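Shown next, in structure tokens, is the structure this report addresses.
Chains here go by letter, A, B, C, D, E and F, matching the order in which they are written, and residues are numbered from 1 within each.
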Amino acid sequence: VASNVVIRNIERADQAVIDRLGRAGVATAHEAYGRRGLLEPSIRPRQVGAAIAGSAVTVLCPPGDNMMLHAVVEVLQPGDIVVVSTTSESNDAMFGDLLATSFMAYGAVGLIIEAGVRDTATLREMGFPVWSKVVHAQGTVKATPGSVNVPMVCGGVSVTPGDVVIADDDGAMIVSRAEAELTLDEAEKRLEQETATRERLQTGELGLDLYGMRERLEGLGVNWIDSTDEV
Amino acid sequence: VASNVVIRNIERADQAVIDRLGRAGVATAHEAYGRRGLLEPSIRPRQVGAAIAGSAVTVLCPPGDNMMLHAVVEVLQPGDIVVVSTTSESNDAMFGDLLATSFMAYGAVGLIIEAGVRDTATLREMGFPVWSKVVHAQGTVKATPGSVNVPMVCGGVSVTPGDVVIADDDGAMIVSRAEAELTLDEAEKRLEQETATRERLQTGELGLDLYGMRERLEGLGVNWIDSTDEV
Amino acid sequence: VASNVVIRNIERADQAVIDRLGRAGVATAHEAYGRRGLLEPSIRPRQVGAAIAGSAVTVLCPPGDNMMLHAVVEVLQPGDIVVVSTTSESNDAMFGDLLATSFMAYGAVGLIIEAGVRDTATLREMGFPVWSKVVHAQGTVKATPGSVNVPMVCGGVSVTPGDVVIADDDGAMIVSRAEAELTLDEAEKRLEQETATRERLQTGELGLDLYGMRERLEGLGVNWIDSTDEV
Amino acid sequence: VASNVVIRNIERADQAVIDRLGRAGVATAHEAYGRRGLLEPSIRPRQVGAAIAGSAVTVLCPPGDNMMLHAVVEVLQPGDIVVVSTTSESNDAMFGDLLATSFMAYGAVGLIIEAGVRDTATLREMGFPVWSKVVHAQGTVKATPGSVNVPMVCGGVSVTPGDVVIADDDGAMIVSRAEAELTLDEAEKRLEQETATRERLQTGELGLDLYGMRERLEGLGVNWIDSTDEV
Amino acid sequence: VASNVVIRNIERADQAVIDRLGRAGVATAHEAYGRRGLLEPSIRPRQVGAAIAGSAVTVLCPPGDNMMLHAVVEVLQPGDIVVVSTTSESNDAMFGDLLATSFMAYGAVGLIIEAGVRDTATLREMGFPVWSKVVHAQGTVKATPGSVNVPMVCGGVSVTPGDVVIADDDGAMIVSRAEAELTLDEAEKRLEQETATRERLQTGELGLDLYGMRERLEGLGVNWIDSTDEV
Amino acid sequence: VASNVVIRNIERADQAVIDRLGRAGVATAHEAYGRRGLLEPSIRPRQVGAAIAGSAVTVLCPPGDNMMLHAVVEVLQPGDIVVVSTTSESNDAMFGDLLATSFMAYGAVGLIIEAGVRDTATLREMGFPVWSKVVHAQGTVKATPGSVNVPMVCGGVSVTPGDVVIADDDGAMIVSRAEAELTLDEAEKRLEQETATRERLQTGELGLDLYGMRERLEGLGVNWIDSTDEV
């Protein structure tokens, strides 16, 4: 049974693809990816307005022990996003401004963690964005090992090292490396369509008609009634 | 058993009354309304500083299906607030920037939803305020019908179409159309009193004496003691 | 069985110690205090960027009844922080802008409450910071007594009147009066060390080596592997 | 604004209809009622195997105050089920064995409460079934009034006094008095069908074919594949 | 700063007092103790029908680490109840059938734990009752120390070693050693009164009149109305 | 992007291995598997005393739509356990006694579902055990497709079709097919050791000494003190 390993090298998706997925944003990329990959809404941004995309470097820690977050630093590459999960539920602060300093020194662009973070005011000043389950200053020990760059589950979603992570004000999501390009194509098509649709909706055209839903609703037995008096 | 209907026309309260209730704000209107009508605190603002009031147009959706949010658009009138509930618990994003575009084109001024919303950064740019249970990008299907403008429960409170909705940084509340004016009178009286009270409190006068609570506490057996040594 | 008392006078820690603990901040003071004293993460700041420290004046209320928050005002001294708990779980708004006006008139610098607050927009304008379990406008009655300045539990932590309270964007914590100075010494040592460490980390030096964790991890059986192919 | 009233007399549904709805059970009656009326799953049975139906007598209490549960006793009639809600969220024990003694003396057959209960071992011995949000011994005061037999929301569902309540191991639900008979007819039809369907399913016949879902799934683009190798 | 200690000897309350408090039960003892001392309702019995009382031996553990539960065994005395808390929130199983075997060998009569337990089927067979936050099989490490017999908070209540613990189907509570006898006197008085009251209520006498609440409600403005038509 | 497929055939582990893992139970198998594979504690047994093991047949449904639970029946084989997840969070009852009749006709021995179940009284009578997030009677639609026998996440754990599922009163867990035998060997070794250890603990021998933890604690700085007076 493989455990307690640090995998130094992983395959990453093409950076241009990653960057464009980041510009598409979580909501659009999630639709483009077949409505998959979205982390549970308990994983929330701890700043307003940050929008990032990068390659997932995964860290699996015991609850209340952040030693592996120190071990991950030397395998980071510019553009990486560190994704952290614990082997059982924890709200402890596994991450603060000192680790953020190290992460930035090695080029990481953000953190997604199913646990707590602290030093949030300093992190915002430093411009290092985090998505976490809670903000909590609770300190951790450094006594029990875990793993770096193994597949794991974070926020209810399977993450493989090297997957693409996208995160913004709407939350965070994972796109598998193999499907990144296909998802990007689909996402950019959607963005174009959305721009066109937005213009029509602004003039008062109805999505109900635009998308053919009026007929569908009629077929499903919905009745339009002028007022409650008729019910 | 009536279900799956779209009611086109509803009675609304007087717009001047609505506007003045909005200026009173949720906390004061809630007191004026006999401490009723307040939605559960899980329904939170997804922006800072928005304060609105309007007429409730209700939408009842199946979980994970936002088709009725498209059906509601054509019955909206300027000043309306769309209030959305699901037939069973859901955190999915039933609402995003495209629907907001339609809602704004028809004059709606906000959304209250016991489910999720997405595109929150864009919604803030557009100036369309939302109060929701979560922020979650999770997409929905368009397969199963629901209803527009039927009575329903949202955030633990009964809502009848045409009720007055008030929402600000403190949350969201419902005032029945029939009681809107009475509530406004009471709210404006309270605002005046609060201004007077505030001035007295600023000078150090005690609410304990101002409201006659010192006697009440004595009557209830409270003891004032100089220090712990005396206990 | 002592209950329903208002204790007028309490011992407070030295104000200079309190102020310096506030500058150290919650995360550092929590580490310096042996990772104790931190309130549960459900107690969150209701503004961004406030950082305070002060002496705990405690208030214990029945659920849904804020009468004792009026009784506490006259025992407040400049620099105090009011810490509020309820005898059973409650989300009601025990505190709003009028009470804040009184609290400020007597010099209180903040509120920590395991219940709800309202008038949050006004509180931010007034510059009176609060940490609470929820924002909820729900009004309370004034019918049943409680106590002021008795020991109690707030956010899972024992609080004795006169303890030092520290609160910022990371949450809120309690340091016992007797241990305040010792904790400050330790906290200031840590701040110095952190500044030195931060500089080294910025240059790319690894915490893994800096803290001797590489050897510890090897001793615990962690394996470094070049790539997944080797697993 | 009407509040703080005790309504002595309410209309009830036909007892034979109520009894037969009880025999249909919550799951079947809920389907027969158009999948409406079900209380949130947080309202759970505090015994195993009880199954009841009766007329809703409603009680609305302030949080932490059970005075109105004493006021309701004299308006109870044999077969009634008391449905309790609080004006804001509460987990306090509003009900125990003494109130159950009174309720049984007046013929009530059960309690549904969006709050806590205590004396659960004694309640099971007495044979008085309860459905509650929590079991908690927390005592309450008797200081602030509420109402008996006013419309209210319990477990996310609107309840009007005299509605039919059905509760069993699956939870609790409300059927409006006006729709009770229609719902019963539909429920009994379903029970018959279910018996027939059960027999066919026991022989290995597939619901997929029985309900015509295979074609629907094909129409929706589902692919049947022999093994993962083909994906 | 004292931490990581095992205190071998503690003062315990008189065993006869403890036993009689156990017979009074949690609900009655909680009332007798001034409605204090009750643990949050998240701490639930993991068996049906157990009712115990004993002296609190406290254990404070790091999250996910149960080493101190081994350290506590040799300080146990017949009649003790082990009360466990973690330094930060945890759902891990700190306790199972092997530890229960040791605890029983030293005379402990039960466990209260703000974390998880496992082997629950075996624990029920062994007749060792537990009250816990969750049932979860999640294993723990043995790497980081904690303390035995230090004051701590469990389930939102302060516990001092040697306090009396009472636990039954309604939950668990703490009575301070100093107040145990006084609380027992009050509890036994209540039990007698309750027996008398129960008999009167069984005959249909109303608590409303028995406790003088009818007048109180009238004084508070409650209106009795014959039917909704009069509202 | 593969989705909406039904995979008919999967590889299963050896039935003798599965059966013996079931006899080891969740707690022991979880330790043997390196403390991995355990579902979150929110997934709870809905009966007392059931203990099963089988091969995972997975079903991924949209929220509020159980059509795929009908599609799974014909691919079931004797000894299978159906594991169900939804594409976004849902508490709806996807499963009741009719589906259980079908499942039993095809030899399935249990259900693990991250959603709701109903007809729980009947399920217990039928002897079909279920582990679910909630009990809720809420009905579902049959409108939107999902998949059968695709990899997915359930209760925070990755599940591949054909993995071994073990479930008992402590919860539910997954062991990968590839590691089933190794895990069984380790589990049976542990069972033997536990029997030996249990006998020694029963005589009062201390785990503290048996496992060498006394030295470890001393090394970590724990102090044994006779009484609080010495602190």
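Quick notes on this one:
We take it that contacts are C-beta pairs under 8 Å (C-beta built on N, C-alpha and C of every residue); 3 or more make two chains touch, one makes a residue touch a chain.
Note that the coordinates shown come from a computational prediction; the quantities given were computed from them, not determined experimentally.
Rounded to the nearest 5, the angle that brings the Cα atoms of subunit E onto subunit F is 120°. Compared on C-beta pairs in contact, A-F and D-E come out with D-E as the pair having more.
Taking each chain's centre as the average of its CA atoms, subunit A and subunit B sit 30 Å apart. Distance between subunit A and subunit D, defined via averaged C-alpha coordinates, is recorded as 40 Å.
Note: centroid distance subunit C to subunit E, computed from Cα atoms, is 28 Å.
Multi-chain contact residues, meaning those touching two or more other chains, occur in subunit E at positions 35, 38, 88-89, 91, 136, 138, 144. Pairs of chains meeting the touch criterion are A-B, A-C, A-E, A-F, B-C, B-D, B-F, C-D, C-E, D-E, D-F, E-F. Contacts from subunit F toward subunit A in the complex involve residues 1, 3, 33-36, 38, 40, 87-89, 151, 153, 156-158, 179, 182-183.
Contact residues on subunit A toward subunit B in their complex (touch as defined above): 26-27, 30-31, 35, 38, 41, 44, 49, 51, 168-171, 173, 194, 197-198, 201-204, 206-208, 211, 213-214, 216-217, 220-228, 231.
Contact residues on subunit D toward subunit E in their complex (touch as defined above): 2, 4-10, 67, 70-71, 73-74, 91, 93, 96-99, 101-102, 105-106, 116, 118-121, 134-139, 142, 144-145, 149, 161. Across the complex, subunit F meets subunit B through its residues 62-65, 88-92, 136, 138, 141, 143-144.
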